[in-house]
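Next up: some structures, all given as structure tokens.
Shared between the two complexes below is subunit A, which pairs with subunit B and subunit C, respectively.
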Partner chain A sequence: MDYIYSILTLTGITMIGVMGTYMVTGLTGQFSFGQAAFMAVGGYVSAMLTLRFNLPFPVVVLAGSVAATLTGLLVGMPTIRLRRDYISLVTFGFGEAIISVLNNSAQLTGGAEGLVGIPKRVDLLLVAVSVICCLFLVACYKNSKFGRQCLALRTDELAARSMGIDVNRMKLVTFLFASAITGYAGVLYAFYSQYLEPGYYNWTVSAEWLIIVFVGGINSLTGAMVSSVILTGLPELLRFASAWRILIYCIIVLLIINYRPNGIFGDWEISRLWKKRRAVLGGRA
Partner chain B sequence: MLQNIFFGLSLGAVYSLIAVGFALVFNILKFSNFSHGGVMSFTAYAGYLAYIWIFDGKVTGVTMFVAVVLTAAVVGSLTAVGIERVGFRRLRSNQAPVIYYFISSITLGILLENIITIFASSNFYSYPVFFSSKNVDLLGTSFSVADFVTLLFSTAALGALLFVLYRTKLGLAVRTVSFDVNTATLMGIDPNRVVMATFALSGALGGISGVFLGMNYSLYPQLGQLVVKGFIASVIGGLGSITGAVIGALLLGIIEVGLIGLVGSGWMPACVFVIMLVFLLVRPRGIAGVIVQEKA
Partner chain C sequence: MNSSIATPSTRGLLEVSGLCKAFGGVKAVDGFSFDAKPGEIVGIIGPNGAGKTTVFNLVTGVYTPDSGSVRLDGVELSGWRQDVIAREGIGRTFQNIRLFKGLSVLENVMTASDPYAPYNFLSAILSMPAKRAADRQATGQAREYLDLVGLGGMEEARPESLPYGLQRKLELARALAIRPKVILLDEPAAGLNPSEVREFIDLVRRLHERFNFTIVFIEHRMEVVMNLSHKLFVLSFGKLLASGEPEMVRRDPAVIEAYIGDEE
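What follows is the complex of A and B.
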């Protein structure tokens, strides 16, 4: 039972991370290969604040997310106004840089041996509540004025610009929001696993999240969530060897990209179910 | 001092091979090819296997080195052409948006890395020593032979590439397609063949740089992640510009060697990252100053 709990918890944390990636990729069409590094920032900042200054958990959670957002600002400011490739390259470099910093400040962060002794503050319930809250926030953001502006600029930046959308500002705001969410996921992970090591935040983690978003369908938040459950939860349960698991992911993605470029879910969202029903009911009345 | 600059140049030469291989594909398809790292680690292993299975005991020294590098280059071209076939051919015929190219290239990069992990496990292997650790004395300072050969070989490879690009019909076709695919097609150029040729060239460069990386570091599946150096070099030099990539890579090599002396090798990646950010703030076009417009 413990095993299933832990898989569910980790899947929940992955879902939150995937939401961050979904915002960056699905909404603004940018690619971040350093998303996991924001998770590292959130996790390490919060864990170190707890270990060194013994701050209460809610403060630490806030601090972790804020730190991730600030790092997002540092990375996003110079790059977001440039063409799309730059943000991918820079976030890639950012991920490597964060890992090297963590590895080399051993007195502070424990270096490659990892940071131990983090108290356990996170359980399945908290993760489940967090997933629901974050999902609510992201879904609202997607349906808000901002989200629609993002979708417009993703489809055609020039057209969006000429409609008066402040493209760079929207991209930056979305990127920061995503960093905050990912940082929060990092805090959850830190206080769940009680142990942090730099190697966990490799760029392959970020890439895996991107793949998850893509398999579900780049336009569909529902798709991203379903595929993160399927692609992280199931293999854990079925105990695939990890290298083979990623190999299978890659093949799935290649098939999808070549034969069904909109992903499994296309732009279908689960909220359409009740919207449609309401429309039908409204039609009758 | 002179010695450090020389070491930096030789490091930069390897980076420039990576950056140019990356810039070639960028030029023609207008996206950043993240599978290049996968090709690099794949070829580094291929070179090693060629050494164990074929060349070991038959040839030695420089001959061996040349044989291994050439094998890696050939394997690299084949891999890259295969990647193009699997990952990008259908996308191009569907005229898919750039995002899909991105995802496809990342996926292929990870795929190659994991194939290596599965078949070679994540152990470290070390390349044979091709050159005795002799030093050459020049201008009162001594340079290591390996650095010297690296520099020489990279220059030769780049020279060959430039010759192909600017003095042959194939090169003209490549440049035409990178300028405008539709017009090139109307002029009777088969874009499929040109794209394949570009991938082959870029793969060959990736192969050569893979072997050099394998010699400098040890051989492990994540070796290809050093492709990030190529990215940084092309950001500094200007995306898609081949001269820019070379200049950026040489600069990066010298900066890195300098930083290792100043702050140590641990903090070096972080410092390089900050330098890159500052560079993007001040001169986002890169040294070469070409602005590549995103296609609307």
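What follows is the complex of A and C.
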């Protein structure tokens, strides 16, 4: 029971992390290979504030997300003008730099030995509620003027500019929102696992989130969520195959990408179900 | 009507003068000037590679001119950012249609009002009443533009699934929806069949009568050029070759030579 409980909790936290990646990659078309670093910032800031100053949990949650957002501002401001491929490089470098900083400031962060003694403040219920709340926020964002402008600039920046869309500002706003959400996922992880180590946040995690977004459907939040569940649950289900499970995982991902290049869901969203119904019922009011 | 009607007719709404742009050693546009008065339909023609699209890209800020000026309603726009120029009131369509594939037909048109939508980040992510009201209004407006160009009932379709002629119309609706003072159409009839071309001419006429906006267009099809334009500018190798009324320009020996010289 504990085992399933912990898988569900970690899957929920991954879902929130993937929402961040979905926004950066799915909405604005940027590739962030350092998204997990924002999770590290959120986690470490909140954990350190708790351990050193014993601040109440809601305060450190806020502090963790704000710290991640500010870090996002620091990285985003200079890089958002760059071309897509350069953004991947910069975020990749930034992610590795964060890990390096965490490793080398051992007095503060515990270095490679990790940060221990974080109180347990997060359970499955809180994670489940968080997933629902974050999903609501991100879905509303996608379905607003922000989301539309992002999707417009993702397909065609030049045409987006010709419509009066401030492309750089939109990318930055989305990047910051994604940083905040990912930072929050980091806080949840820290206060669930009670132990942080820099190695957990390296680029492979960011890459995994990207894979999840692509498998689910680059343009579909629904897809990203479904594939987070499948792809984080899958390695656990495949545990019986021990050494083979990585291989099986890779084959499944390759098959999906090969036969459904737009991901499982393409750009389909679950909200279309009731939108369509409303359109039928309400006519063209 | 708008106040610009009252200004002396000598002053153009869009005044472009001495526009220059070189790419490496090639002078793509070399001292080109043109102007459009309020409500006027102006055609820009010229042989292939004459620099017509470059002129549009300079006017809309895709490229920064090396020299020369672009004035809209007396405001100097050259050197401004592309999106600022668009918001200032210059809309455009593209020679190779550039629709937003990730968005529905309706949402494509809605992006026109999104940069002005009166709600902030917080009300967006919480889907507050102000946001929903603004989006409803934007939806209504976008529907009107779609109806105008004859795309009513296709709101939820994906733009890439539309036939070519309808994609052109959608791009036109999208450009109209930013309520531009001047709209630039880059070869709007390219790829249309003869009956679609006639339909397109009627559509532009109808829209022009209704909104009385200023149109500048690039076109190769003589049928469109002669039917629509009040005034023509001929561009050849980046320079202004001739300008004036369509019939006059058509008989201009220099123009005929430029065109015949262009053909194999």
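By our rule, the second predicted complex is superposed on the first by the 256 of 285 C-alpha atoms of A that agree within 3 Å, B and C clash if a C-alpha of one lies under 4 Å from a C-alpha of the other, contacts with A are read in each partner's own complex, and residues count from 1 in each chain.
What we mean here is this: contacts are C-beta pairs under 8 Å (C-beta built on N, C-alpha and C of every residue); 3 or more make two chains touch, one makes a residue touch a chain.
Computed from a prediction, not measured in an experiment: that's the story for all the values here.
Colleague: Just checking: does A:166 make contact with subunit B only, subunit C only, both, or neither of them? Give me first, second, both or neither.
Modeller: So A:166 only meets subunit C here.
Colleague: Based on the superposed arrangement, let me know which partner A:151 touches: subunit B (first), subunit C (second), both, or neither?
Modeller: Second partner only.
Colleague: If you stack the two complexes on chain A, which partner ends up touching A:107: first (subunit B), second (subunit C), both, or neither?
Modeller: After superposing on A, A:107 lies clear of both subunit B and subunit C.
Colleague: In the superposed arrangement, which partner chain does A:137 touch: subunit B (first), subunit C (second), both, or neither?
Modeller: In the superposition, A:137 touches subunit C alone.
Colleague: Quick check on the superposed pair: does A:211 touch subunit B, subunit C, both, or neither? Answer first, second, both or neither.
Modeller: In the superposed model, A:211 contacts subunit B only, not subunit C.
Colleague: Give one of first, second, both or neither to describe whether A:250 is in contact with subunit B, with subunit C, with both, or with none.
Modeller: After superposition on chain A, A:250 lies in contact with subunit B alone.
Colleague: In the superposed arrangement, does A:219 touch subunit B (first), subunit C (second), both or neither?
Modeller: The answer is second: A:219 touches subunit C but not subunit B.
Colleague: On subunit A, which stretch or stretches are contacted by subunit B in one complex as well as by subunit C in the other?
Modeller: Residues 156, 158-159, which sit in both footprints.
Colleague: Give every residue of subunit A touching subunit B within the complex, in rising order.
Modeller: Interface residues on the subunit A side: 25, 29, 31, 33, 74-75, 77-79, 81-86, 88-90, 92-94, 96-98, 100-101, 103-104, 156-159, 203-204, 207, 210-211, 214, 218, 243-244, 246-247, 250-251, 253-254, 257-258, 261.
Colleague: Which of the residues in subunit B end up touching subunit A in this complex?
Modeller: Spelled out, the residues of subunit B in touch with subunit A are 26, 31-32, 34, 86-87, 90-91, 94, 96, 98-100, 102-104, 106-108, 110-111, 113-115, 117-118, 225, 228, 231-232, 234-235, 239, 264, 266-270, 272-274, 276-277, 280-281, 284, 292-294, 296.
Colleague: Where on subunit A does subunit C make contact in their complex?
Modeller: 137-138, 140-141, 143-146, 148-149, 151-152, 154-156, 158-167, 173, 177, 219, 267, 276, 279, 284
Colleague: Over in the complex, which subunit C residues touch subunit A? Could you list them?
Modeller: Interface residues on the subunit C side: 60-62, 81-83, 86-87, 91-92, 94, 98-103, 107-108, 110-112, 114-117, 119, 121, 124-127, 131, 134-135, 138, 143, 156, 174-175, 178.
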